[in-house]
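Quick one: the structure is below, questions incoming.
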Amino acid sequence: MTTRHTARVAEILSWYHGSNPGVLTNLARLLNHGRLAGTGHLVILPVDQGFEHGPGRSFAPNPPAYDPRYHFELAIDAGCNAYAAPLGFLEAGAADFAGEIPLILKLNNHDVLQDETDPLGARTASVADARRLGCVGIGYTIYPGTAERRLQYTELAAIAEEAKANGLVVVVWSYPRGGGLSKEGETALDVTAYAAQIAAQLGAHVIKVKLPSAYLEQAAAKKVYEAQNIPRNTLTDRVRHVVQSSFDGRRIVIFSGGALNENDQALLAEARAIRDGGGFGSIVGRNAFQRRKEHAIALLGDMMEIYGAPVRELAR
Amino acid sequence: MTTRHTARVAEILSWYHGSNPGVLTNLARLLNHGRLAGTGHLVILPVDQGFEHGPGRSFAPNPPAYDPRYHFELAIDAGCNAYAAPLGFLEAGAADFAGEIPLILKLNNHDVLQDETDPLGARTASVADARRLGCVGIGYTIYPGTAERRLQYTELAAIAEEAKANGLVVVVWSYPRGGGLSKEGETALDVTAYAAQIAAQLGAHVIKVKLPSAYLEQAAAKKVYEAQNIPRNTLTDRVRHVVQSSFDGRRIVIFSGGALNENDQALLAEARAIRDGGGFGSIVGRNAFQRRKEHAIALLGDMMEIYGAPVRELAR
Amino acid sequence: MTTRHTARVAEILSWYHGSNPGVLTNLARLLNHGRLAGTGHLVILPVDQGFEHGPGRSFAPNPPAYDPRYHFELAIDAGCNAYAAPLGFLEAGAADFAGEIPLILKLNNHDVLQDETDPLGARTASVADARRLGCVGIGYTIYPGTAERRLQYTELAAIAEEAKANGLVVVVWSYPRGGGLSKEGETALDVTAYAAQIAAQLGAHVIKVKLPSAYLEQAAAKKVYEAQNIPRNTLTDRVRHVVQSSFDGRRIVIFSGGALNENDQALLAEARAIRDGGGFGSIVGRNAFQRRKEHAIALLGDMMEIYGAPVRELAR
Amino acid sequence: MTTRHTARVAEILSWYHGSNPGVLTNLARLLNHGRLAGTGHLVILPVDQGFEHGPGRSFAPNPPAYDPRYHFELAIDAGCNAYAAPLGFLEAGAADFAGEIPLILKLNNHDVLQDETDPLGARTASVADARRLGCVGIGYTIYPGTAERRLQYTELAAIAEEAKANGLVVVVWSYPRGGGLSKEGETALDVTAYAAQIAAQLGAHVIKVKLPSAYLEQAAAKKVYEAQNIPRNTLTDRVRHVVQSSFDGRRIVIFSGGALNENDQALLAEARAIRDGGGFGSIVGRNAFQRRKEHAIALLGDMMEIYGAPVRELAR
Amino acid sequence: MTTRHTARVAEILSWYHGSNPGVLTNLARLLNHGRLAGTGHLVILPVDQGFEHGPGRSFAPNPPAYDPRYHFELAIDAGCNAYAAPLGFLEAGAADFAGEIPLILKLNNHDVLQDETDPLGARTASVADARRLGCVGIGYTIYPGTAERRLQYTELAAIAEEAKANGLVVVVWSYPRGGGLSKEGETALDVTAYAAQIAAQLGAHVIKVKLPSAYLEQAAAKKVYEAQNIPRNTLTDRVRHVVQSSFDGRRIVIFSGGALNENDQALLAEARAIRDGGGFGSIVGRNAFQRRKEHAIALLGDMMEIYGAPVRELAR
C-alpha cells in the first residue's frame, strides 16, 4: 500500500472526519486490503456460528472448518477485506497469520441452548483483547426490539468509546428481534432501516444488517412510507432505502449473507442488488465456510468482481 | 463577541453564580450565539427523532434531512443558539462545522421498537464523548412517573456531576410518562411543573418541558392549585406557573415544539405565549427539519423575532 | 465563635470521640451556629418538598418560597443551626450565602409521581457535590421496612464512609415504610425506636425520626415492651425511649415537624415534649416555609426559646 | 504478651501458614487476649441484636446495655477474647477503649422489619472502616440455603480478599436459612456441617455456626451419614462432626449461644460439649448482655474455666 | 526439567502460539509435571465436592479426606499433573506444599442447599488470590443452557482476560444444565460438543467436559449429525467428535470422572476410550479421594499408564 488512497477511499474516509487518526488508519486498512482494495466495497468473512449455532451444525458440512486456521486461510486466499470472529478463534490464529488479514474481534456472543423471545448476548471479550490480538476493529451485536436492548446499547456505547480512543473501528451487527416484533417484522424494510439508523446513531463506523423484505411492520412508519411513496418493490430499492437511512449513505453499510444457500446465482443476484442500491458490500459466513474451499473462493471471487474487483488473483 | 455581556445575559448568569467558570463560559456561549444572542432567549434545534421514532418516519417527509450535515446547516443558517443530537449525528459533522454552532450531545436515547408503559432510555454516549466533540453541553432525558425513574435520576446525577466538573452545561429533557400517570396527565399543569422542579433540583442548568394543558392530575396537588387559585386558563398562565416552579424563574426553561404542525401561525402563537409567560424560548425539532429548509428558516426566524431577535439576517 | 465550647457542646462532641477532627469541626459548626449556639439543641430548616411532593403543593401556599434564596434567608433570619436541601436548591444559593449558614446536602430524593408500597429514593447528588458547595454535612433518607432497604443501607454505608473521610457530618432521615408495616406501624413506638437504632448502627452522627405514637407494631417487641413496662403514655415518655434507643442518648436525635399544622401552640407543645424527653431539637420544614416569613420566624423563635435560646434577636 | 506463644497457639497458627504475617499477628492477638489467652479457646462477645432484632427487644431486659460503652466494658471485664459489633456500636467506643480489647467489625447486617423467607443482609460497613477503628478482624454473615446466597458468597469473597491483604482476620457467621430448607433443617447436623464447610472453603479464618441437632435434612447426605454411621446422638458427637467438617479441625470453629436461656447450667453443659467435641469456644451475645452485668461476668467466667481458663480474675 | 520439551509438548504449546510467555510457561508446567510429564496427557485431581455436595457426602466415605493436606498428598503421591480446588482448600496447604504440585484455583462454586433448575455459581475467589497462592492456573465453571449463562460467560471473559495478562492458564469446566435442556440432553453428544466449543471460543486453554452419550438433543443439530453421518456409537467416536469440536483438537480437552464408581475396570475402559478418541486425559475427583489412598494411587497409576506414563514410580 505505497500509493495514495483512491478517490473513493478518500471520499469514504472524509465521512469519518471527526474520528481520530487511529480510527482512520484502521478504516483505511479495511478498505485497502484484499481484492476489493481501493474500490470502497468490502467482502468480509465472519465466523461466529460455532458459538451462535454450535460446532456440529456449523462445521460438519465442511469438516476442515473445525480448525481455526481454516478461516484465516479462507479469508486470505479469497482476498477478503477482513476476518471477524470471537475470541477463541482469533486467539488460535492471530499469531500465525499476524499481519496477513485485518481482524475484527466480536465482543459479544449468544448461543441457542435455551429458546428465548428476547435474546441478549454475553460480552465474551474486551477492547484490550482486540488490541493484544492486533485487530483493526471490534464487532458487537445489538438486537433492537428486544426487552433488554437498553443494556446492549449502553454496553455498546461504552465499548465504542473505548475502542475509538484506541483507534479501533467499530462494526455493529444490528439484528431486530424480540417480543416487540412479529417474525416477519424482523426483516421488514422499516425495521431494518430503523436498525441501521440506531447503529449509526450509536456511533458505528460500519453497520451490518440483513437484507430487508418489502414488508412494513410499524403502523406509524407504514403511514409515512406510503404517504411518501418510498420505493420498496425491488431489493435494490430496499437496499437504497437502508443506505439512505444510514446517514444518507455516509456510513458503511454491509449486508449479511444469511443461511446456506446452494444456489450461487441467487447469492450473486443479491450482491448486484446491494451494489446497485449503493450498499458497500457483503459479509458472508455460512455461504463461504460451509462450501468446500475452492467453491467458496470461486463464489466470493465472483461477488468481489460484481463489487468491482479486478478479474485476477490477489497478489499477497 | 468582543463586547461585554448584555444586562440580561449578565442577569441570567448571576443565577448560576455557584457554578465554575467553565460552566458559566459555556452557558454564555449558548446565550450569545445566533440571532437571539444577548437577548436571554433561545431557539435550539434538536434532532434525535432518527433514534426515537425511526429514520423513515422522521426524515422521509424532507429527504435532505437523512444527511447529518443538513441539521448543522439548518441550525447555523437559521441562527439557532445551539444544535442538539445523539452521538452518531454529532460525530458525522462536529469536525466539518467545528466552532460554527454550539453543540449539545444527547447522552441517552430510547427507540419505539417495543411498546412500553414505562420507557427507560439507554445511555448512548458519555461526557468524554461530549468533550472530544467540542460540545458546550450535554442533554439527558428523564421520564418522571415511570417505574424506573430512580435509575434515570441517579444516572443523571452522576453525569451532571461529571459534566459540571468539565465545564459543560447540563440540559434536561423532563417528560412525564409511565404507569403512574393517565395519558392526559402526562401534560397536566401540575405534572409539568413537577417535572420542571425535579429537573431543577437535580441540578439542570437548562430545562426542557412540553407545553402544559390546564388539566390537573394529582388529587393532592389539585386541592392546593384550587385553594390557591393558581391561574391556568391561558397558555401564558401555564407557562408562567412552570417558570415559577423552576426556582421562581431562576433556571432557564424552554418548551418543546411537539409533532409536526403545518399551521405556522399556531406555532408562533405558542412562542408568544412562552415569551409572555416568562419562558426562555423554544426547542423545535420536527417543526423545523420536517419542513423544507427555506420554510423552516422562515418559521424559526419569525419565532426568533417574537423572542426579541433583530429583524435582519444573522451575520456569521 | 472565639470562645471555647460550652460544657454541653464539649460533652456532645465527646460522644463522637472516634471521629476525625474534620467531622468534629463540622459537628461543632452545627452546634455553635444560630440562636441555639452552644446549648446542645438544634432547629434545622429542611426543604426537599419541591422534589418529594411537587412545587405547587409545597410552595403555592407561600409563593416567595418558590425562590431558592428564600429558604437561605429564612434559615439565616430565624437563626437556625442549619439549612438542608437537595442539590438544585443548594446550588442556587450556596455561593450567594457562602458562610452564612451551615448547609446539609440531601443526597437522595423520592417523588410521588407513582404510588408505591415500598418507596426507594434515587441518589441525586454526591459527597463531592457537598464538598464543592461548602456543606458541613450530607443527608440521606432510609426507609426501614421496605423491600429494598438493603440497597439503601448499603448505599448509605458507602456514602457515610466517604463523607466521614472528608470530614462531613452524616445526617440520616430514618422513616419506616413499606409492605412489612401497617400504616399505624410506620410511627409506632417500637418501630420508630428501631429506625433510630438502625441509623445509629449505620454510623449516623445525627438522626432524624418522626414523633412516635404509643402504638406497638411488632409482636416480639410488644411482648418485651409490656414485660419491661417501658413507659409510652406521654409524648415525653416516647421521645425518651427513642433517645435511649439511640445509643442511650449518645447520638443526636432530632424530630421532624410533620405536615402543615396551623396551630402554633400544638407545635410548641411538641417541642416541649422533645426537650423534656431528652431530644436534641426539631427539623421543621412545612411548618416553617409554608407560613408567611414573619410568622415562621416568630414560631421558630418560640421553639428555640423552649430549647434554651436566649430571648433576643440573633446577632449575625 | 512478652512470652513466646503457647504450644497450642503455635499449633493453631501453623494451620494458617499460608496467610500473611498481618493476618497471623491479628489471629495471635485474638488467641492471646483475655482469660483464655494461650489456651487455644475463645469466648467472644457479639452485639448486633440492636440491628438484627431492634433496641427494645434487645436491651430493655437490661437497660444499661443501650449504652455502647457497656458492651466494651462487659467484654473487657469478663476477659473475653474479643468484642464484635456493627459500625455504630464500634465507632461509639473504639477511641475510648482503644487497645483494651480486640475488635471485630460486622460488615453486614439484617433487620426484621419485613418478614422474609430468604434473608439477605446489607453491607453496612467496609474493610477500610475496620482499619480506621483499629479492629483485628471483620465479620460477615452468610445464609446458605437462601435464594441469593450467591450474592453473599461473592461479596464475602471480595471482602475477605481485601481484609486479608490488610492483615485482618475473617470471621464468618454461617447460618443456614431460606426457602430451600425446612425450619428443622436450619440446624440439622448435615446442614450445619455443610455451612461450616462453605465458610471454610470461602477462606474464613474463624467460623461461627449454631449448635446442631441430630436431625438430617438432605436425602443424599442422610444416605451417606447412615451408611457411614456418623455418630450424632450427643451434642459432643455433633460438635465433633462439625469441627471435622471444618478442614478436619484445622479451622477455628466457635458456636453461638442462641436466645436468652435463664438456666446457666444448661449453657455450661453446652460449653462442655463444645469443648469435648473439639470446638474452639463460644460466641455469647444475648446470654451475656441480657443478664445483669455481674451475673453475665460470672457465667462467662464459668464458661471460660470450662474452656481452660485459670481460676482467677483477669489481670489487665 | 533441565531437558528440552518433548516433541508432543512442543506441538501442544504451538497451538497456543498467540499467548504470552507467562501462559506458555504455566501450560508447560502442567504438561511437564507428574508421571505423565512430557506425554501430552494429563490426569488432574479436582476437589471441590466439599462445597458442591457438602462435606459429609464427600468425605465421610474416606475420612482422611476431610483434611485439606490429604488431597495435596494424594495428588503428589499419585503423580498427577495438577491439583484443583476452591480457595479454602488451597489456602490450607499452598504454603506447606509450595512448589510440589501445580495448583489450579477454582474461582467459582455452587452448593446444593436449594434446588434450582438453572444453577448459577458464585465467584468465591479472584485471580489475585491465585497469584498469591502460587497457582499455575484458574478454573471456572460455566453452565451452558441455563437462563443466566450470559452472566457466567461475561464473568469468565473478564477473569480470563485478567488471568492471561498475569500468565495464568485458564481451565473451564463446561457443564450443560438448565431449563433449556432435557435431563438426558445434559450429556447429549451435540450438547457436549457445543459446550466444549463455547469454552474454546471464550478463550479457555484447557476444557473439561463430561463424557457424552450417543443421544442428540437439539433438533437442528440432529438433522446435521444425521445428514453428515457423524459417528457416535462408541465412546471413542464421541470423544473424537468432542475433541474435533474443540478447534479440531487444537485445545486441550479433558474428561471428568463422574460419581463414585467402584468398578475400576469400567473407569480404565473410559480412559482407553478417551485416549483412543484423541482426548488429553482425565480429571478424577470422587473416584480418587473417595477410595482409600493406596487404592486411589493404584487406580490413578493404571490410568496414567493407559495415557502413556512409564511403568514405574514417580521420582520426585
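Order as written gives the chain letters A, B, C, D and E; numbering starts at 1 within each chain.
Heads up, the rule we're going with is that a contact is a pair of C-beta atoms (placed from the backbone, for glycine too) under 8 Å apart; a residue touches a chain by one contact, two chains touch by 3 or more.
Note that the coordinates shown come from a computational prediction; the quantities given were computed from them, not determined experimentally.
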item	value
Contact-graph separation of subunit B and subunit E, given in steps at minimum	2
Type of subunit A:subunit B copy interface by residue overlap (half), same or different	different
Centre-of-Cα separation between subunit C and subunit B, whole angstrom	36
Rounded Å distance between subunit A and subunit D, as computed from the means of their C-alpha atoms	58
Where subunit A touches two or more other chains, by residue	none
Contact graph of the chains (line, ring, star, complete, other)	ring
Sites on subunit D touched by subunit C in the complex	48, 50-51, 53-57, 59-61, 63, 66-68, 86-89, 91-96, 109, 111-115, 120-126, 128-129, 133
Residues of subunit C defined as touching subunit D within the complex	15, 17-19, 144-147, 149-154, 157-158, 161, 176, 178-181, 190-191, 193-194, 196-198, 200-204, 218, 220-221, 224-225, 228, 230, 241, 244-245, 247-248, 250-251
